[in-house]
Amino acid sequence: MSVIRDFDCVVKHSEQVLPGVVKIVFDCAGIASVALPGQFVQIEPSPGAFPVTRRPITINRLTENGFELLFDVIGPGTELMARMKPGDEVRILGPLGCGWTVEPGSSWLLIGGGLGAAGFQFLMDTVDSTTVLIGASDSDRVIPLGACHVVTEDGSAGGRGLVTALISEELLAGADSIAVCGPVAMMEAVWSTIPEKYRDKVQISTESRMGCGWGVCDGCSIPVSGGGYKKCCKEGPVFSGIEIDWKRWKEAGL
Amino acid sequence: MSFPPAIPREFWGHNFDSPVMLASGTAGFGEELLDLQCLSGVGAVVSKAVTFEPRAGNPPPRLLETPFGLLNSIGLANPGVYHVLKHILPVAAGLPCPLLINVAGESVDEFADVVRVLEGSSAHMGYEINVSCPNVAEGGAAFGVDPQVVLRVAQGVSRVTDRPFSVKLTPNGGDMVQSAEAAVEGGASAITVCNTFLGMHINWQDGKSVIKRKVAGYTSPALLPLVVAKVWQVSNAVSVPVISSGGVSRGDDVLQLLAAGAQMVQVGTRLMRRPFAAAELIDEMKKLTGE
Amino acid sequence: MSFPPAIPREFWGHNFDSPVMLASGTAGFGEELLDLQCLSGVGAVVSKAVTFEPRAGNPPPRLLETPFGLLNSIGLANPGVYHVLKHILPVAAGLPCPLLINVAGESVDEFADVVRVLEGSSAHMGYEINVSCPNVAEGGAAFGVDPQVVLRVAQGVSRVTDRPFSVKLTPNGGDMVQSAEAAVEGGASAITVCNTFLGMHINWQDGKSVIKRKVAGYTSPALLPLVVAKVWQVSNAVSVPVISSGGVSRGDDVLQLLAAGAQMVQVGTRLMRRPFAAAELIDEMKKLTGE
Amino acid sequence: MSVIRDFDCVVKHSEQVLPGVVKIVFDCAGIASVALPGQFVQIEPSPGAFPVTRRPITINRLTENGFELLFDVIGPGTELMARMKPGDEVRILGPLGCGWTVEPGSSWLLIGGGLGAAGFQFLMDTVDSTTVLIGASDSDRVIPLGACHVVTEDGSAGGRGLVTALISEELLAGADSIAVCGPVAMMEAVWSTIPEKYRDKVQISTESRMGCGWGVCDGCSIPVSGGGYKKCCKEGPVFSGIEIDWKRWKEAGL
């Protein structure tokens, strides 16, 4: 990233896709023309004084002239965002951060937990070959993606169980890269399931409470191996799995 | 001062393009902003805090947003003074505006020790001495609440540099006017009013704080009237210029702080939401004053 | 404490209907609220400040609203302790909840003098000693910033009454924990944390303040994190209960302050917007805790 | 006033009647059934946290099932109010304060300055006989009332001049009561124009920055003769002219 740009994006479409999950499509060629899978944007939920910071959301996919976001409505920021209507102008900074590291022609195994799979679509649209495993608590938390293997904890969609049960030696061995995104506990379970020898293929998409989102406030630290921290917003949000200090990261909470 | 206030400012004998400074801890060392092309409208950059030894900073989460403000618990994360001197200041030398280096320490002597090392660079115009951190060596209260300690810190810094320095006071206890007077007696060339207010958020469901250190620094546009009062009190008491820090989110906030007696006005939290905050504030000021 | 916190409270050995107290200066002496039928949900009323002599209060304007809060400069307007004793307390005796009388003074002795006169009434359960006002007799700094002065004020009050009293501290300077400890040493039965933060608003157009005293008391829901931090610090340091005062506008604010260590929670500014604030807060709390 | 009541009133109609002047009609039988001329209401401009206090507005007239307000849009509170649309629910406390003291069968002289005449309509609808004098800077500041004598400073409506020029010995002598409402400087000019012997007929409608609006905060003091203050919100907003300490009131400003 060498320049950051702040855009007044226009809401093109907004829709509730699952209970409490909203999809918004923004028109913004400026962001769409340079965005890479795994990058995020910082949205101003309101032109008013509060909330004082923006909200980071992963780019779920590109659209004709812009991009699509998919988010959980969980607090004041996302509630304001859920109320955005077509035609509204919204200040959005992006694209931000480093996305997935994609080698040309590579085949991918994508492992997502619930809304963590938001963003996978962009990766699926970009790379040649993907196998997608999705775990969720129930069918209300399974976001619509193309072909994928789904399990839910209550069995209301796909098989009953945890996403770790779908992971096989065969899938791990067959993939050039493994992308994991979801709640920290789920990612940790996935990480523990993956044998040592496949771990250097694993990339993890992290989340952290953010101030700026563009690298200046040091607020979004992710603990890394060997002590110290890296910035989720600038050096992440995607890190290699071996880079992360899983123990300290779990202790941190969100 | 004259009304409406002029937008370019003379400060410490130099001409600054703007009275808006980027506050410590919200703009790195300015060098990243240079890359990002967002230094337009910026009169000066204040670096994040530099300590003698490298500091990893506090464990995450380091930020927590409340309905009307932001709690931060960064913990003075920085790579230490030698790394800053060798690897960061050479890049920051390319900034199009003056740089002040914010200096922190755990003992009275550490401030002067850090400044002594930084004197090896010409990338910066001066210093901001952050006496809001805890005086670990002498009991843990913030240096800034005790005028005698402030005096010793300022005298120590005066001894090792001829560059101008501002002492950045804390609003959390003590008497800010007395501490400001002590800083001036010790040789301070300005007073920064002030650092963050201590704040806390507790989850009532379990009585726990998300932020591990529990008490953190709180910022909010709603704190502006507190900062205006302190700027007015301190600028009426001391002969050196006052730099305000806190509460700015709009152009008229800057104008109000200048009217209250600030010579320069820092912006911090707003910058996190708006990378181009300085230019936006200057535009709003010009619109309001018809300049 | 247990989570979620119980809504009726034992405090000072009595059963209060609710942990919500109406803050001093925002509910008169409670007697007007009785007329207006808005005491539902109120655990106790704290009266406006009473001084020995009648005080007309500050010249208007006494209030100024800023974008995110309210400045007040009432100036302890009250009819003096003898008028209160003779004409107001007999009416306030009809309140359905306990009354605390907020006492202010210009000298260390005035607090005890006021309390001595008020001992002639049985309308009130106890006192709130407001050491945030300026110690005019000894230089003009607020009594509350100096633990030695707080000790003398509390000792003076202890000598003239057996009723419980809370000492209401100021956030404007000094060290609140030390002042709280001094109050307890002097016999305080509770600590109120805390009075208003000094704030100011200046018109940038002419550099003037609408409020004649310039600096005023600032309140805002955005100050809640500052009050939570202070309640947590003081309640961890002293053995007597802490009464919070400041920043409450919603039911979860009350729950948060209870979780931070407050035994009772005052509401002031919110009451000006919502005469039935106490009942509304209790409703919101019950909804949140499922009680 | 013995009980105060807080109502969720519904906006029935909203309209800009002059540049920067908005009229809103609220449905609220609870307020309309007990309101008296000269009383005011405290409106919550927004359900959000800010502004932290309400805004006091005089009841301009009663309507079929509610009341009408007329106000200048001058700052954040009235800007929010100007955006209220039919169907919106707004929290309104009232009626508050003591209105005009009306003797049965009395004849009135009403002297208003600009938007200060908001509220006269209610009085005109209540008393038998009124003569109305209105002064304003220009035609854009003359609010629509029934029959009245108008002057403007620029002559754009009615005659050119100040309202004091319309005051005659005859009008003063002929009225049982004299009501004055407008900016402080205008009211002071009117007061000075009125000879001593008519002054005890004069009632003044005051304004003051308010906290509560219902008598508990002591924030809204109006300086009264003999030193001391009275509460605009509870003992006013209408005071007898001789009660007011004009010198200290002018010094106070707003």
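For clarity, chains are labelled A, B, C and D in written order, and residue numbers in each chain start from 1.
We adopt the following convention: a residue touches a chain if its C-beta (ideal position, glycine included) is under 8 Å from a C-beta of that chain, and two chains touch if they have at least 3 such contacts.
Quantities reported herein were computed from a predicted structural model and do not represent experimental measurements.
Peer 1: Using CA atom averages as chain centres, what separation in Å is found between chain C and chain D?
Peer 2: That pair's centroid distance is 34 Å.
Peer 1: Roughly how far is chain A from chain D, centre to centre by C-alpha average, rounded to an integer in Å?
Peer 2: About 57 Å, centre to centre.
Peer 1: Just curious, how far off is chain C from chain A if you go by their C-alpha centres, in Å?
Peer 2: 48
Peer 1: Among the residues of chain B, which ones contact at least 2 other chains?
Peer 2: Where chain B meets two or more other chains at a single residue, that happens at 67-69, 220-221.
Peer 1: Hey, what residues on chain A touch two or more of the other chains?
Peer 2: 49
Peer 1: Touch graph of the chains shown: is it line, ring, star, complete or other?
Peer 2: It is a line, because the chains touch in a row without closing up.
Peer 1: What chain-chain pairs meet the touch criterion?
Peer 2: Per the contact definition above, the touching pairs are A-B, B-C, C-D.
Peer 1: Report the residues of chain B in contact with chain A in the complex, numbered from low to high.
Peer 2: Residues in contact with chain A: 25-28, 32-33, 35-38, 48, 56-57, 59-65, 67-70, 72, 74, 77, 210, 219-221, 249, 269-276.
Peer 1: Under the stated contact criterion, what part of chain C meets chain B in this complex?
Peer 2: Against chain B, chain C makes touches at 1, 3-5, 66-69, 71, 141, 145, 173-176, 197-207, 214-215, 218, 220-226, 228-230, 232-233, 252, 255-256, 258-260, 288.
Peer 1: For the complex, give me every residue of chain D touching chain C.
Peer 2: 1-4, 6, 44, 49-54, 76, 93, 208-223, 227-229, 248, 251-254
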